[in-house]
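Here the chain labels run A, B, C and D in written order, and each chain numbers its own residues starting at 1.
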Amino acid sequence: MKRVLVATGGGDCPGLNAVIRAIVKRASQEPDWEVIGSIQSFDGILREPTEIKVLDERAVAGIHVQGGTIIGTTNKGGPFAWPVKNKDGSWTAVDRSDEMIRKLQYLGIDAVISIGGDGSQRISQQLYEKGLNIIGVPKTIDNDLSATDFTFGFQTAVQIATEAVDKLVTTASSHNRVLILEVMGRYAGWIALHAAIAGGAEVCLIPEIPYDIQKVAEKLQSRYNKGKGYAIVVIAEGAMPKGGTLVSEQSDEVGYHNLRLGGVAHKLSRDLKDIGFDADIRETVLGHLQRGGIPVAYDRVLATQFGVKSFEMVLEGKFGEMVAYRHPDIISVPLIDAINKPNFVAPNCDLVRTARGVGISFGD
Amino acid sequence: MKRVLVATGGGDCPGLNAVIRAIVKRASQEPDWEVIGSIQSFDGILREPTEIKVLDERAVAGIHVQGGTIIGTTNKGGPFAWPVKNKDGSWTAVDRSDEMIRKLQYLGIDAVISIGGDGSQRISQQLYEKGLNIIGVPKTIDNDLSATDFTFGFQTAVQIATEAVDKLVTTASSHNRVLILEVMGRYAGWIALHAAIAGGAEVCLIPEIPYDIQKVAEKLQSRYNKGKGYAIVVIAEGAMPKGGTLVSEQSDEVGYHNLRLGGVAHKLSRDLKDIGFDADIRETVLGHLQRGGIPVAYDRVLATQFGVKSFEMVLEGKFGEMVAYRHPDIISVPLIDAINKPNFVAPNCDLVRTARGVGISFGD
Amino acid sequence: MKRVLVATGGGDCPGLNAVIRAIVKRASQEPDWEVIGSIQSFDGILREPTEIKVLDERAVAGIHVQGGTIIGTTNKGGPFAWPVKNKDGSWTAVDRSDEMIRKLQYLGIDAVISIGGDGSQRISQQLYEKGLNIIGVPKTIDNDLSATDFTFGFQTAVQIATEAVDKLVTTASSHNRVLILEVMGRYAGWIALHAAIAGGAEVCLIPEIPYDIQKVAEKLQSRYNKGKGYAIVVIAEGAMPKGGTLVSEQSDEVGYHNLRLGGVAHKLSRDLKDIGFDADIRETVLGHLQRGGIPVAYDRVLATQFGVKSFEMVLEGKFGEMVAYRHPDIISVPLIDAINKPNFVAPNCDLVRTARGVGISFGD
Amino acid sequence: MKRVLVATGGGDCPGLNAVIRAIVKRASQEPDWEVIGSIQSFDGILREPTEIKVLDERAVAGIHVQGGTIIGTTNKGGPFAWPVKNKDGSWTAVDRSDEMIRKLQYLGIDAVISIGGDGSQRISQQLYEKGLNIIGVPKTIDNDLSATDFTFGFQTAVQIATEAVDKLVTTASSHNRVLILEVMGRYAGWIALHAAIAGGAEVCLIPEIPYDIQKVAEKLQSRYNKGKGYAIVVIAEGAMPKGGTLVSEQSDEVGYHNLRLGGVAHKLSRDLKDIGFDADIRETVLGHLQRGGIPVAYDRVLATQFGVKSFEMVLEGKFGEMVAYRHPDIISVPLIDAINKPNFVAPNCDLVRTARGVGISFGD
């Protein structure tokens, strides 16, 4: 019996379960393969007692419809920087990668499929360099990876953000308000950009295009001047004014990525008032709602493709590579290439031009 | 030609447009009636120039599917307390009710249907006492009115809150987190209670049952002890600890009802940490998303019933009364009775007992 | 240890799983009770080997969100009319009720909760008369039971049918078509009536109000005359013309209740053409889509209330009774009373009056 | 003032309104352009009196959220084959293209944007060859065009079909049934293929891969043998057995494309019984529900991109070309190329391999 270990790392993302199910379904077609899930990324391997779960067809039945991941995830630590508490209460990061690889051998693991984002795939590459038979499956709800046309989870997040815009439009127009919707995207504004176009927002603020608060106010004011006394602003959590910096608050207490949720929307609201823009402004922060729930069909299809392909890459021994989507094909690319090429919104790309074409202002 | 004026006051609520459409559709069956909409509650009448809109069948085609109100709304002032700015920048409330009644006569208005909440219906009663032919249609998304079994908008808010719980469950369980969802309800916890039951939350905190933070922590800890490393808390914006007070921040800058949105969820999160509850806690605030969007079928039916009935009450001359739902009938009740009987969650009512029966803790 | 057996009978209905979960959650609060599920209604008891399933908290975790029933159902036979195949291929109905009661004793079952419709509750009553400790939970997606204000599953079906109307409106208006939507309701037209009002249909045909095909054509033609070149007709599967009979086709091959799905919509379409109504008419049959999927929040709350109450009735020994909803209370009523009082749409009830008030024609 | 005429032809498709809105929004940024809508494709131009509608920003406000097309559509005739009734009641197709081009000149139309499918774009090419300044926007809900990565409307149809599978799974599993879902796709099986993967169906039957009824029965039987007593079959309306022909019924009375809706699903059900497959089989036909309703975010974005680009092609004088999507760019391609290259499912493409990888049988 051969064994493939599956781990999901980083923030949860709609479609993770569909990837897991596809791996298990595909593996069940090979007579001698078994799929093992590591609980909460590689933590399950490193903990004592080991926390793993045999993933057979019964275990994955129907899970493609569920958000989240049935094997849990974590966005802390990992085998190269395992947090160990010192006697004085401080933390030290310890490299437990050799130990983990030995443990995988001991467990009879022949290959590993690591489903995760940026950080996870850097770990995959390091483990690969240490000789581990590892395959990467990219996971980034922000869609910020140039190696693949799209990543799963992104369309679900866009759909949720768009439905939020739809809801805010009715309340904004009834009350003559400006409604600011803060969505995910610390470095890449794809979710904000798609949702602004799909929802018909007036303003879209993203990390890649720093905004001028005066320009934002002018755009909003022009709506009131036209007699349309309301407007929707979609803002990515990483948006910032020209010359400004990330609204980081040195704390991930309530937010993603050390960024306090809602801080960006609130700053914009306050800044608009400070420069004298006189309207009823309200903020809504989507937060965790963007990650959860039932994946849209698009993401379920893409995730299933990634899952099947990743197991086939195991069969073909394509270790050190990552699955990717180049329409209409599912391909594999070297992990090392994939890690270092982010996919940001180019200010002159066709999608930004589309947005400007329907009158959306980026405040620039 | 006889004319009925329709106004929508207070916070927007899913179903308002269905009420308006039903009034217009029903009036179109009478040969000699015309429906006029007053823009932004009675403000449209008091402004110069008058802002009104003739509401014929074309104007209301398809609007029952839309949230919000096509004639706008406001939650400030009203004819008895119209805000006038003084030279020193301060505001004075001026009684313009007589002027408004004269203006309605001048416009040839034979009757008024006022769709609105608590505050609006108090105004309706005062106008009725001054001789205006006025009918009330109750609007409260919080469902806090004992004169009627249910009010429209409530089921839509519950559905939205429940779907939010569904989404948070997947992310909470993947990350072993406690997720706190703040929903509407300053004085009445109906939305929180329904969403907690429908979503399968572990804790539900409502204004009517003050909570003990230790009891909340114990309940959450018991989940972790059982091996279920996550939990969902649904909290109404008006929930408060035993002996505590409303988390009011003397400002309605970003919230409803002078209450800063998210304040309650954040306080709970902080308090849990302060007493040493050691888990990853995150907050989500639904805010304006609960008011917007497409009304669920239930609310469209109820709103349509209210609309038709209210116009028939005009035909019957039942002024000074309000439409209400007593299953399966649509009835009328005196405004004066309706205003003074709120509908709070009784701590021993069947619904609370149901919640306790499925293991939901109220922290008491 | 005491044991309560739970069985779900008849057509599946959104909310069944929420009832089951609530029973299990409530029972887990009693130190000495265990819940056993019988697979596919009572068939699981009567089969050899016995098919039952212990329902503990783990087994019911999260199921309130799922449609269907985790313990399966059937709408054939039952203990009093168990189908046995004869040598010549024909079937005989055999009374196995005594055998079943003995088997329940053998299994140590102290009480039974039977969740099911009309047919199932008649069986419950018969079993009760034979001495079985049985409690009924009503299940009818058609809402055709006068003992309770509402039954679970109904609002989900109405919501699905309403969303179907919403979708058909856009295609009907784009193509200037008449679109006929066939929904459930063989004897009671509640789903059709609610969906017609909520969706804004032009015509609603239900079993309780036989239609005149000429009147239907006139109503539709009046839409075209007004320049609105499209219309939506919602028809219950049991609707029939004046003096007509049910469109029964002596076969339940593809339909519910011996009624071929789509037959009614197709007959209406054909009859409209036969009398010379000249428009592009299309039909859509919702069929099984009305039963499946995620229950709306309303049904999850109601089903949870029924589940908790039914177990408490077991504790109180209220056998031979059925749980019911009388707003805002959850009560119990004798099974015998409940069985014999159906809840049909009264042609002069407030809801029909509402429908007429917004211009919906019943073709009468 | 320059004028661009917009027409929508063929079956309605989610996203049409978003295209129209984008054209109008983009045109409003040019000082001297006006957009005119032709009612019901080019019929509005050919009728007397002419039926056109000025499309300004007010006319298109908020329409991107609506399915259908605000300027109507038709799938009959066109300027080259206008149906004229003869005295004997028969019909003759008359070429009115020259007349139409003259009329467009008379109306001061400088360019035409024709949004439509296969048939519409053939007409566009013919009109272009006659000298008309025409731009094509592809519209095919079936996604069967190789010139573009995706067409709008497709993802909405897939989402609706997937949600239908989700609903059918709960009812199928509760009753141990085989449920057959018939979806659109006469020549191309993309919708069925995507929905089968996203929904987790067991069998997917598409026009491109003729099926063997025995193989279908074996696959279904294997589910029952494994103890999973239910299965979902997704079948495209153009699927056919090996050596078979389309289930055409020479009538488009109730179906698309001369194909009676439901015929294919019913044939499969009957054929399965005829070869002795003994299970409870039910059919559901999605029909018009796939076309209607609110477009998903993906389609709104793509449609908006197509709309903006098509107007910019007018500005650039790229007549005789069609807008297309080559990720991540929006490009233009010659109409003549686009028309003749359909996009069918290749039996060995990655998506089919994915489907087989998760155990979906194509019955081959």
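Quick note on the criterion: a contact is a pair of C-beta atoms (placed from the backbone, for glycine too) under 8 Å apart; a residue touches a chain by one contact, two chains touch by 3 or more.
Remember, predicted model here, so these are calculated numbers, not experimental data.
Asks: Please identify the chain with the largest separation between its CA centroid and the CA centroid of subunit B.
Replies: Relative to subunit B, the chain with the farthest C-alpha centre is D.
Asks: Hey, what angle do you get rotating subunit B onto subunit C on C-alpha, to the nearest 5 degrees?
Replies: 180
Asks: In whole angstrom, what separates the CA-based centres of subunit A and subunit D?
Replies: Those two chain centres are 32 Å apart.
Asks: Averaging only over C-alpha atoms, locate the centres of subunit C and subunit D and give their separation in whole Å.
Replies: About 35 Å, centre to centre.
Asks: Could you say which residues in subunit C touch two or more other chains, in rising order?
Replies: If we look for residues of subunit C contacting two or more partner chains, we find 163, 166, 169.
Asks: What's the complete list of touching chain pairs for this entry?
Replies: Contact pairs between chains: A-B, A-D, B-C, C-D.
Asks: How about subunit C: which of its residues touch subunit D in the complex?
Replies: Against subunit D, the touching part of subunit C is residues 8, 11-12, 16, 40, 66-69, 72-75, 160, 163-164, 166-171, 173-176, 179, 254, 261-262, 266, 269, 282-285, 287-289, 291-293.
Asks: What residues of subunit D sit close enough to touch subunit A in their complex?
Replies: It comes out as residues 21-22, 25-26, 28-29, 62, 64-65, 149, 155, 158-159, 161-163, 166, 169, 194-195, 197-200, 294, 296-298, 300-301, 304-305, 307-309, 311-312, 327-330, 349-351, 353-354, 357-359.
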